Amino acid sequence: MSTPEASTTKKVQVRRYKPEENPKEHYLNAEKGVWAWMTTIDHKKIGLLYLGSITFFFFVGGMLALLLRTELLTPAQSFIDADVYNQVFTLHGAIMIFFFLVPSVPAALGNFILPLQLGAKDVAFPRLNLASFYIYTIGTIFTLIAIFTGGIDTGWTFYTPYSTQTGTNVLLMTFGIFILGFSSILTGVNFIVTIHKLRAPGLTWNKLPLNVWALYATSIIQVLATPVLAITLLLLVMERALGIGVFDPSIGGDPVLFQHFFWFYSHPAVYIMIVPGFGVISEVISTFSRKVIFGYWAIALSSLAIAFIGFLVWGHHMFVAGQSSLASMVFSFLTFLVGIPTGIKIFNWLATMYKGSIDMKAPMLYAMVFLFLFTIGGFTGIMLGSLAVDIHLHDTYYVVAHFHYVMMGGMVMALLAGLHYWWPKMFGKMYSEFFARISCVIIFIGFNLAFLPQFVMGSQGMPRRYFNYIDQYQAFHQLSTIGAYIMAVGFVIMAGYMIHSLLRGKPASANPWGSRAMEWQTSSPAPHHNFEHIPVIINGPYDYHKPMSEFQLGIAHSTNGHQSFEKVDVNVKSAEEKA
Amino acid sequence: MSGHHISSAKFLWGVAIVLFFLTFLTVAVTWIHIPEPWNVVVAIAIAVVKATIVVAFFMNLWWDSRFNTILLVMSIVFFMILIGITLLDTLFRVDPIPTF
Amino acid sequence: MSETSAETKHPAHLHHHFVDSDQQFESSKMGMWIFLVTEILFFGGLFAAYIVYRAWYPELYLEASQELDAFWGAINTFVLIGSSLTVAMAIRSAQLNQIRGLIINLWITIGLACTFMVIKYFEYAEKLEKGIAPGIYYTYDGLEHEKANIFFSIYYMMTGLHGLHVIIGIGLMLWLVWKAKRGAYHSEYYTPVEITGLYWHLVDVIWIFLFPLLYLID
Amino acid sequence: MNRLTEFMLPPAKSTTAGEVDALFHFINVTSIILLAGITFTIIYFAWKYRRRSEDDVTPVITHNSKLEITWSVIPLILVMIVFGWGLSGYMNLTTAPDDAYEVRVVAKSWLWEFHYQNGHVSVNELHVPVDRPVKLVMSSDDVIHSFFVPDYRIKRDVLPNRYTSVWFEAIETGESIIHCTEYCGRAHSDMNATVFVHTQEDFETWLESADAIDEDMPPAERGEALVTRSGCMACHSTDGSRMVGPTFQGLWMAERTMEDGEVVTADENYIRESILEPNARINEGYDPVMPSYQGTLSDRQIDDIIEYIKTLD
C-alpha cells in the first residue's frame, strides 16, 4: 500500500476467515459507560450517535408537520395563529433538512458502514469524526436556543429582505446552521480521504460497493457546496448585524443575489440528501435479488454525473424570481440533463431484478417503495423544470408535493431500507419481519394519501406556506392531513418493533441476507476493530456467482494471535490508485 | 515518495525572490495606466502566476500526488461555475420601465 | 487510541487504523487539501459578490479603491510572501531533523504574521477614523457614489475574514512551536507542520488575489 | 382529457394558458405511461422472480450496452422535447405585445395596489378589459412578493429594488383570484386580490367613474367601502378582536399607549398620520409592519375613513 508505483498484481498469502457467529465481544460492549460513548472515536458508535440524533430530529420535525397538517384541516385559523404557523413550517423545513436529511444517510449510516465496506478499521480521521458530531451538536444547541428566544419565521430558505427585516431570531438560527455546515464539510473530508487511502488490499476502484461510490459523490458535493452556504449565511448574519447591504435592497443590495448563493448550496444539497440513498438502494436490490448488479459503472458514474450536473442547475428555483431570461433558459436546459443519469439508475435497478431470486424482506420492500415514489418525484421534477409550466406551478403545493416525494419518498425510504438492511449488523438483533412489512405498507399508504392530493391542489393554484386558504382546497387538505396521521401510525409501529428488537430481538447471524458484500463477512455486531483480520478482496461485491468462501479471505492481523495459516496464494491488485 | 520532497534553501529563496519581483511588477504596472479592461486582466494574470508559484513550489504540489492537483483545479472550476452562471443572470437582466 | 496497543513496529505517532507512516502522512495531506478546497469556495462566495458588484458598478470600484493605500497593501504582500518563505523553510528544517531551525523559522513566521496584522490594524483605524465603517455605520461623505458603502462592506468582509484566518494561523503556529519544543516533530513525523504550512500558504494565496483586486484599481 | 383538465387545473382564462396546459398534460400523460410501465415491471419481476429456494442460482448479466443506450437516449429525446416546448411557452409568457395596456402594480405587506394611467388607484382589485393584452409593471415597497393568477397561468416575483412585469390577455369577462406566492410574513396567505375582467366599454366606464362611484353615499358609508376595498381588514378588525394591527372599534378619541410610552388621543390628526406614516408612532405591543397609504388614498378618502371609524363604538 505504501508506494503508488506498486499498482501491478502481487502475490499475497491469505486464509479463509469465517465470521464468528454471536460473538461475546463486539464493538457495543468493548467499552462501557456514557463517558465511553461520548468520547468514542469508533466510527460505528459515532454512526449510532448520529442515528440517535437524527431519529430525535425526525420525531421533532414530524410532530411539527402534524401540527401544520392539523391546522390546515380548516381554511381559517383553528388552533394556532399565523405567527406560530409560520414559525412551525420554518422549523419543520429547517430541522428536516439541516438536522435530519443532510446528516441522515451520510453521517449516520455512512459512518457506520463505510469503513466496514472498505475493510478498514476506521475512517481516516477518527477524532475529526467525533469533532464533526460535536460540531453538529453545538449547531443544534444554537438552533434550539434560537427557537426558544424568539423563534424564526423566514422559511428554511432565509430569503432576503424578509430575513433581514423580520423581528424573529434569524441571527442565532443562521449561525447555528453555519456551524452545522462545518460538521457536514468535515464528514465529507473524512470520507473522501478514507475512500482514497484506506481500502483493503485488492479493493480496487472497480470493486467498490456502489454505496461507497454514492457516498464518495455525496462527500464531493458536501465539500464543494457547503462552504458557499457558510459564506452566504455569514453574509446574512452580517447583513442583520451591520447592514452591509450586499443582499438587502433597502441599503442598495440585491436580494436575487442571495437566492443565487443560497441555491448554489441548497440545490446540490438536495443531492447530498438523495445520492447516498441511491447507494443504499443499489446494495439492497442486489442483495435481495441475489444477483450481480446490472450496469455497475453506469450506476457508479451516474452518481458522479448527478453530483456534477447538480451544481449547474440551481437557478431552476428562480425561474420567476427575476433572474434574466437567458439564465432561466440555461438552467432549464441543464436541469433536464440531470434527469438522464437518474433515469439510468432506475432502469439499471429494474434490470438487476430481472431473473433474480427476489426475497421481499422489509429492506427490499422499502426499496420497491423507493423506486415507485422516487420515480413520481422525478417525473414531477421534469414538470417543474419546464419553464412554461413552472411559471404556473412555482411556489404552489405542487412543489411541496414534489420535494416530499423526492426527499421523503426517496431519501427517507432509502434510509429506512438501509436501516432495516444493516440493523442486524448494528445491533446483532433481528426485528419482526411481519411488523416491518406492515408498517412499510402503512407508511406507503399514508404517504401517498398525504402528498398525492397536494399535486392536485398545487396545480389548481394553492400557494405554499399559506396559513389560510380558499375553501375549494379544503377536501384536498383534509385528505392530506389524514394521510399524515396514517403515516405517523406507521412510524409508531416501527418504533415499537425496533425497540422490541433491541431489547428482546432474536440474535442475528453474521450474514442473515446471504450477501456477498464485505460488511457481512464479519460478525454481527461487528468487532471493535471491524475485522479480526485484514480482508483481502478478489471479487466484486455483487459477484453472486462466486462461492461465499472467496469473499472471506484475509491476512492475519499482527496482533490478533492467529498463527496457523491455511496458505492460499491469490493475486491481488494493489488498492492504491495510480497517482 | 511523493509526499516528502525536500527543497533546497537556495531554491526556496529563489521562489520568494521571484514572488517579490512579481509583487513589485503588479504595483508598477498601475503606474503606466493600462486602459480598461486590460488593467484588470494584467493584474489578475500576475496574481495567477504568483499563486501558481506558491502552490507549486511552496506547497509542493509540483511533486505531490496528482489527485491533490485535481482537487485544487476542481475548487477553481466550481468557483468559476458559481460566478459564471451568476453573471449570466446579473449581466443580462432586462427590467421593464413603467411608462407612467 | 490504540497507540497503547502492544505493536512492536508501530511508532508512537501512527494511529492504529493506518498501515504505515506514509499512508498516514498522505491521508493527512489529502485531508488538508480537501479542506483547502472548502476554504477556496468559502472565499469564493465573497469573490463572487465582489465580481457581481464590480460588473454592475465599475466606476464605484475605481472611485472607492482610491481610499485604500496601495503602499501599505504592497508592504503587507511582501510580509505575507516572506512568511510563506519562512514556513517553507520551517518544513525543510523539520524534514532535515533540525528542530532548532524549525522553531526559529516558526517564530519568524509568527512575527511576520503579527506585522501583517499590525499594518492591517492601522489601515482599519485610519478608515474608521474617517467614517468608512462597514454597513450602516458608514458615514464618510468623501465619495459620491451612492453604493460606496457596499464596496467597503465587501472590503471589510474580505479582509476581515482573511485577517481572521491569519489570526487562526498564528494560533496554529504557536501550538506548533509548543509541540516542537517538546520534541513532537522530527524527520519521520512532521505532518502537523506540513499541513499547517499548506494552510498558511493558502492564506498567502488569497491575499495575493485580494491585493490587486482591492488596492490596485487604477 | 377534459375531465382531467377540470380536475387538475383551474379554468384557462387567458390566451397563453392553453399552451401551458397542453405541455402540462403532455408531461403528465407521458409520465403516467412510463410510471405505469415501471410499476408493472417492479411488481411483475417481484412476483415472477420471487425466491423459490435458498440455493437459487442467478444469471450473470453485468450490462447490455444496446439496452443502456436505448434507455438513455429515449428519455433524453423526451426531455429535450419538453425543454423546447417549455422554452417557447416561456418566451410567449415573458414577451408582452407592444400594444399592451399598462397597469402599475405596487405590492405592500400585505396588499396589492393597482395604479392606472389616469391616476386612479385601486387596492386589491385589478380591473382590466377583456380581449386586450394587459402588461403589469410591478414593484414592491418592502419585501419580495409574487404575483400569481392561477386562471391565467402567470406568476412573477415582485421585487423591492427593481421592476418586473407579467402580461396576460383575458378571454372572458368575470373574476379570477390573485395570490401572493412568495412568503412575506404574517398575513402572507391573506394577501389575495381579485381580477375583474370587463368588456372594453364597461372597463372605460369603470375607470372614469371609479373615484366618483360613491358620490351619493354618506361619508361614513363611503369610508366603510374604502376600508373594505383598501385591504385594511387584513390587519384591523371592526369588532374589537386583536389582529396584526389594533382594532378600529372604539378607536375614535380613545387614549392609546405607544411603544415609547407616549399616550396619544386618537383624534383626526393621529388617524391621518397612522394612515400616511404608519411607522411614525407604533401602538404598544404591535409591530411596525403597516405600509404607507401616501399616494393611495386621497385626503377626502381619509376623511371618509375617519368618519367611518367615528361610527364604530
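Think of it as A, B, C and D in the order they're written, each chain with its own count starting at 1.
Everything below uses one rule, namely that contacts are C-beta pairs under 8 Å (C-beta built on N, C-alpha and C of every residue); 3 or more make two chains touch, one makes a residue touch a chain.
No experiment lies behind these values; they were computed from the predicted model shown.
Enquirer: Could you see whether B-C or B-D has the larger number of C-beta contact pairs?
Expert: Per the contact counts, B-C leads.
Enquirer: How far is the middle of subunit B from the middle of subunit C, if each middle is the mean of its Cα atoms, in Å?
Expert: Here subunit B and subunit C have centroids separated by 16 Å.
Enquirer: I'd like the Å distance between the centres of subunit B and subunit D, where a centre is the mean of that chain's Cα atoms.
Expert: Each chain's C-alpha centroid was found; their separation is 47 Å.
Enquirer: Give, as an integer number of Å, the spacing between the C-alpha centres of subunit C and subunit A.
Expert: 34
Enquirer: Could you please state the distance in Å, as a whole number, between where the Cα atoms of subunit A are centred and where those of subunit D are centred?
Expert: The answer is 35 Å.
Enquirer: At least two partner chains per residue is the criterion; list those residues in subunit C.
Expert: Subunit C, residues with two or more chain partners: 22, 26, 30, 34, 37, 41, 44-45, 48, 52.
Enquirer: Would you pick out the residues of subunit A that each touch at least 2 other chains?
Expert: In subunit A, residues 3, 196, 224, 228, 252-254, 256-257, 322, 325 touch at least two other chains, as defined above.
Enquirer: What are the residues of subunit B that contact at least two other chains?
Expert: Counting only residues that touch two or more other chains, subunit B contributes 1-2, 65, 67, 74-75, 78, 82, 86, 90-91, 93.
Enquirer: Based on which chains are in contact, what kind of graph results: line, ring, star, complete or other?
Expert: Its topology fits none of the listed shapes; call it other.
Enquirer: Spell out the residues on subunit A that touch subunit D in their complex, using ranges where they run on.
Expert: Subunit A reaches subunit D through residues 82-83, 86, 153-155, 159, 161-162, 165-167, 249-250, 252-256, 289-292, 294-298, 319-322, 325, 328-329, 332-333, 336-337, 339-340, 343-344, 346-348, 350-351, 353-360, 368, 371-372, 375-376, 379-380, 382-383, 385-392, 394-396, 456, 459-461, 463-470, 514, 544-545.
Enquirer: Please name which positions on subunit A make contact with subunit C in the complex.
Expert: These residues of subunit A touch subunit C: 1-3, 41, 115, 120-126, 128, 185, 188-190, 192-193, 196-198, 223-228, 230-232, 234-235, 238-239, 241-246, 251-254, 257, 261, 529, 558-559.
Enquirer: Could you list, by residue number, the parts of subunit D that touch subunit A in their complex?
Expert: Checking each residue of subunit D against subunit A gives 7-10, 19-20, 23-24, 27-28, 31, 34-35, 38-39, 41-42, 45-46, 49-52, 54, 56-64, 67-68, 71-72, 75-76, 79-80, 82-83, 85-94, 142-144, 146, 148, 150-151, 153-157, 159-162, 164, 177, 179-190, 192, 287.
Enquirer: Could you list, by residue number, the parts of subunit B that touch subunit D in their complex?
Expert: For this pair, the touching residues of subunit B are 93, 95-100.
Enquirer: Once bound in the complex, which stretches of subunit C touch subunit A?
Expert: Touch residues, subunit C against subunit A: 1, 5-7, 9, 15-20, 22-23, 26-28, 30-31, 34-35, 37-39, 41-46, 48-49, 52-53, 134-137, 146-147, 149-150, 153-154, 156-157, 161.
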